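Shared between the two complexes below is subunit A, which has subunit B as its partner in the first and subunit C in the second.
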Partner chain A sequence: MKALMLGTAALLWLPSFLLLLYLLQVDLNYLFFLFKNISPYFWSALGISLCVGLSVVGAAWGIFITGSSLVGAAIREPRITSKNLISIIFCEAVAIYGVIVAIILQTKVEAVKPNEDGSFGLAAANAGYAILGAGSVTGWANLACGLSVGIVGSSAALSDAANSTLFVKILVVEIFASALGLFGVIIGIIMAGNASFTAQS
Partner chain B sequence: MSFGEDTSEMCLFNVKDGFLEAVVRGYKLGLLSTADYNNLCQCETLEDIKLYLTGTDYGPYLANEASPMHTTTLVDCCTRKLVADWKYMRENAGEPMGRFLDYCTYGHMIDNVVLIVTGTLHERDVQELLDKCNPLGMFDAIASLAVAQNMRDLYRLVLVDTPLAPYFSENLTSEDLDEMNIEVMRNTLYKAYLDDFSSFVHGVGGTTGAVMGEMLSFEADRRALNITLNSIGTELTRDDRRKLYANFGLLYPHGQAELAVAEDFDQIRSVMEKCPPYQAIFSRLGLGESQMLDKILYEEEVRQLINTYEQQFHYGVFYAYMRLREQEIRNVMWIAECVAQDQKNRVQDGIVFTF
Partner chain C sequence: MSTVSATVVWNGDQVAPLFGYLGAASALVFSCFGAAYGTAKSGVGIASMGVMRPELVMKSIVPVVMAGVLGIYGLIIAVIISTNINQTADKAYYFFDGYAHFAAGLACGLAGLGAGMAIGIVGDAGVRANAQQPKLFVGMILILIFAEALALYGLIVGIILASKAGTAAPM
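Right, the complex of A and B next:
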């Protein structure tokens, strides 16, 4: 409940603030000029770093959640180790998705001359935003995926130790969880597909 | 629990405590099942019991025991396994799990203190008493409890350095040590311990708070019931009785007010039956019967303890493991005694099956 209130407050402050600036006759055009002139190379670098960074955080988080339970449970039932490495592999795949998308994104970045007033052309600006969006989508989706696979993997290890018929059923849940990362990758690649710094408008 | 609390618990519990939770779940897999108990009941001698138990998790602890076996040696070996497991978990625990594991053992500490003080009152040898103490509740300087002449000495010399110190209050330390006062002391300490434990688990919060809160309130209610049953017909006044009940639980405060004035078993029963969970328990007891009450309460406790394993990422599983192991040791002791005394027809009366 508190989180909901805080979230709504966080979303509403920006338009209210802009309304205040408008009423006070602050020059909003200058603010927009500032935003427009942030280089598209900044946005694309940010996008690529979010892609790899968040994916790796998701994968690492998932691996430690599963790994600690797996190691503890394997003391008693060593047979579970080989099968449950599948959970670790699903988490690792999430990091690999991030790296693949980052490599695809960075091949899109090309050098382009800015205009006289410092702003970039339409194609470059679009490409910058597209790479930011693609990288963010992949990064956040992989973060959630890694966490989800990790938690399910931890439960899978503990249940497998208790009853070996349970593992395959819980694996199905894990497969659905790992599909989330793939969604991020697909959307990221589609978004960045048309991004080109040197396209003729 | 809010969404944020839930998620952060799932995501962050395994950082410090994931390994030990998996380890304790492994230990729980080694608890004796119904099939094991049935096989144990078929045994003719203690040697057979020892042979069967060597094939379970107790193997390494029983292997080097020489024949002839006695029930006490059997129980000692089983207790040694529990102590070894607990020690391993306590040494590898971070915080606040370490504090939680310590809290689980304070009840045993209180029992040990009372055992030594009562034994000294009856002029028993200190070493013999120390051997009978519960190993989970030992602390340094426990042997010097035998020196204390009254409660103030007890507190000042020994208990002030133990974790039990905050459970002593001013009104407790001015009594002399005699039979009645020792029982009152035990129950007052236990009440303070339960209140403290309950506020600690609610401080930890999350699933631990919810799961342990339920188990502790059942423990508090069970204690209230036993105090009432044992103090009918003694000189304990109603106010004193009321002061021994814990400050939480399903019976707090109205059920406890009614229990404080109850004078016989039927009145107690009518008070307990006003509470729906306990009505289900008491309905299994026939009219006018109070002997089976202990066993039914143990069964209810075991049912709740097993349910803690349904949830992940909380500390309740550790408390549950300790209690389940203790129940199992009680079962093994009962079976061994029945076998040793050739009373095998009574063996089914005393066992509380876990799985």
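Right, the complex of A and C next:
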């Protein structure tokens, strides 16, 4: 119920905001003025920082969820420690994906001279939005992936402590979960291919 | 504030790729959140159930596979959108295209989020119940298929919306 309300709010805030602007007779040329003067370097910086920041948050979240269950279960069954470090490594890989994509994105950022009125050319604006999209997609997808891998890894550790044949089977579930981070990286690389500040336009 | 002069070279459609890329991003991100929730919740159920009945674990991976498919749906729409955003001087990318892509991405993504939540909760309860009563397996699969169909509706609408881009009538 709460999720339903949150989802509706997330979807309806923008149209209600625009309706409010229309009713208040706000000059929408100012909104375009705002977008025109926001440098594409802001969008690209935001994208790159979200990419590495959110990926690391996802990895960290997964690591502490798995790690706390692992050390707790290992009190009674110390044999599970070395095998279940695989789950921790799956979470760490998520952070590595974020770092790789962030490094790729930052090589795309080149200095470009703006026009006389301060706006940027077509290629530069497109590149700014592309890097924002690529960074956000990788960051948020890795956040979800790290969280999911962490929860499944925690279950793997606890069930491994109870029954040692279960670890490999639960690992299959974890592999499905880690594929989500790879999807984010794929889309990030595809979008980054569109980004070029110095393309001829 | 100075008024917009006649020599400004910025014509507004430069902002349209923002909506396009945000649409592609939201397609994948929300689908991934749904897939992550489905995988994690079902995974916890499978692991708990497997302690008592290890032989049923491989059969109970079905909810996890169905949750993974949601990520694929988001990937499809995100690839379709992001390969169609090419803003060059001879091929314009209007606000029409930007909004169409934004709508396509949100449609597919949020549908995947909802379907993932459904698959997770049904999968968790289903595998635990299947361990106690084996006749429930077919019933669990049927419910999971209905939940997966929700994400498929989002994919269909997303593809239809994304195909509208590029059909704008220029002024």
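Keep this in mind: the second predicted complex is superposed on the first by the 195 of 201 C-alpha atoms of A that agree within 3 Å, B and C clash if a C-alpha of one lies under 4 Å from a C-alpha of the other, contacts with A are read in each partner's own complex, and residues count from 1 in each chain.
Definition applied: a residue touches a chain if its C-beta (ideal position, glycine included) is under 8 Å from a C-beta of that chain, and two chains touch if they have at least 3 such contacts.
Keep in mind it's a predicted model, so treat the numbers as computed, not measured.
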item	value
Combined model on subunit A: subunit C and subunit B, fit or clash	fit
Subunit B versus subunit C as contact partner of A:A3, first or second or both or neither	both
Touching partner for A:L70 - first (subunit B), second (subunit C), both, neither	first
Contacts of A:L158 with subunit B and subunit C, given as first, second, both or neither	both
A:N84 touches, of subunit B and subunit C: first, second, both or neither?	neither
First, second, both or neither for A:L147, with subunit B first and subunit C second	both
Contacts of A:S55 with subunit B and subunit C, given as first, second, both or neither	neither
Winner by number of subunit A residues touched, once subunit B and subunit C are compared	C
Subunit B versus subunit C as contact partner of A:S44, first or second or both or neither	neither
Closest approach of subunit C to subunit B (Cα atoms, Å)	5
Contact residues of subunit A, present in both the subunit B and the subunit C interface	3, 147, 151, 155, 158, 162
Of subunit A, residues touching subunit B in the complex	1-3, 61, 64-65, 68-73, 75-77, 147, 151, 154-155, 157-158, 161-162
Subunit C residues within the subunit A interface of the complex	1, 4-5, 7-10, 12, 14-15, 17-18, 20-22, 24-25, 28-29, 32-33, 35-37, 39-44, 46-48, 50-51, 54, 57-58, 61, 64-65, 67-68, 71-72, 74-75, 78-79, 82-83, 85-89, 93, 106, 110, 113, 117
For the subunit B and subunit A complex, residues of the former touching the latter	2-4, 10-11, 14-15, 18-23, 25-27, 29-30, 312
Contact footprint of subunit C on subunit A as seen in their complex	3, 7, 11, 29-30, 32-33, 35-36, 43, 115-117, 119, 121-123, 125-126, 129-130, 132-134, 136-137, 140-141, 144-145, 147-148, 151-152, 155-156, 158-159, 162-163, 165-166, 169-170, 172-174, 176-177, 179-180, 183-184, 186-187, 190-191, 194, 199, 201
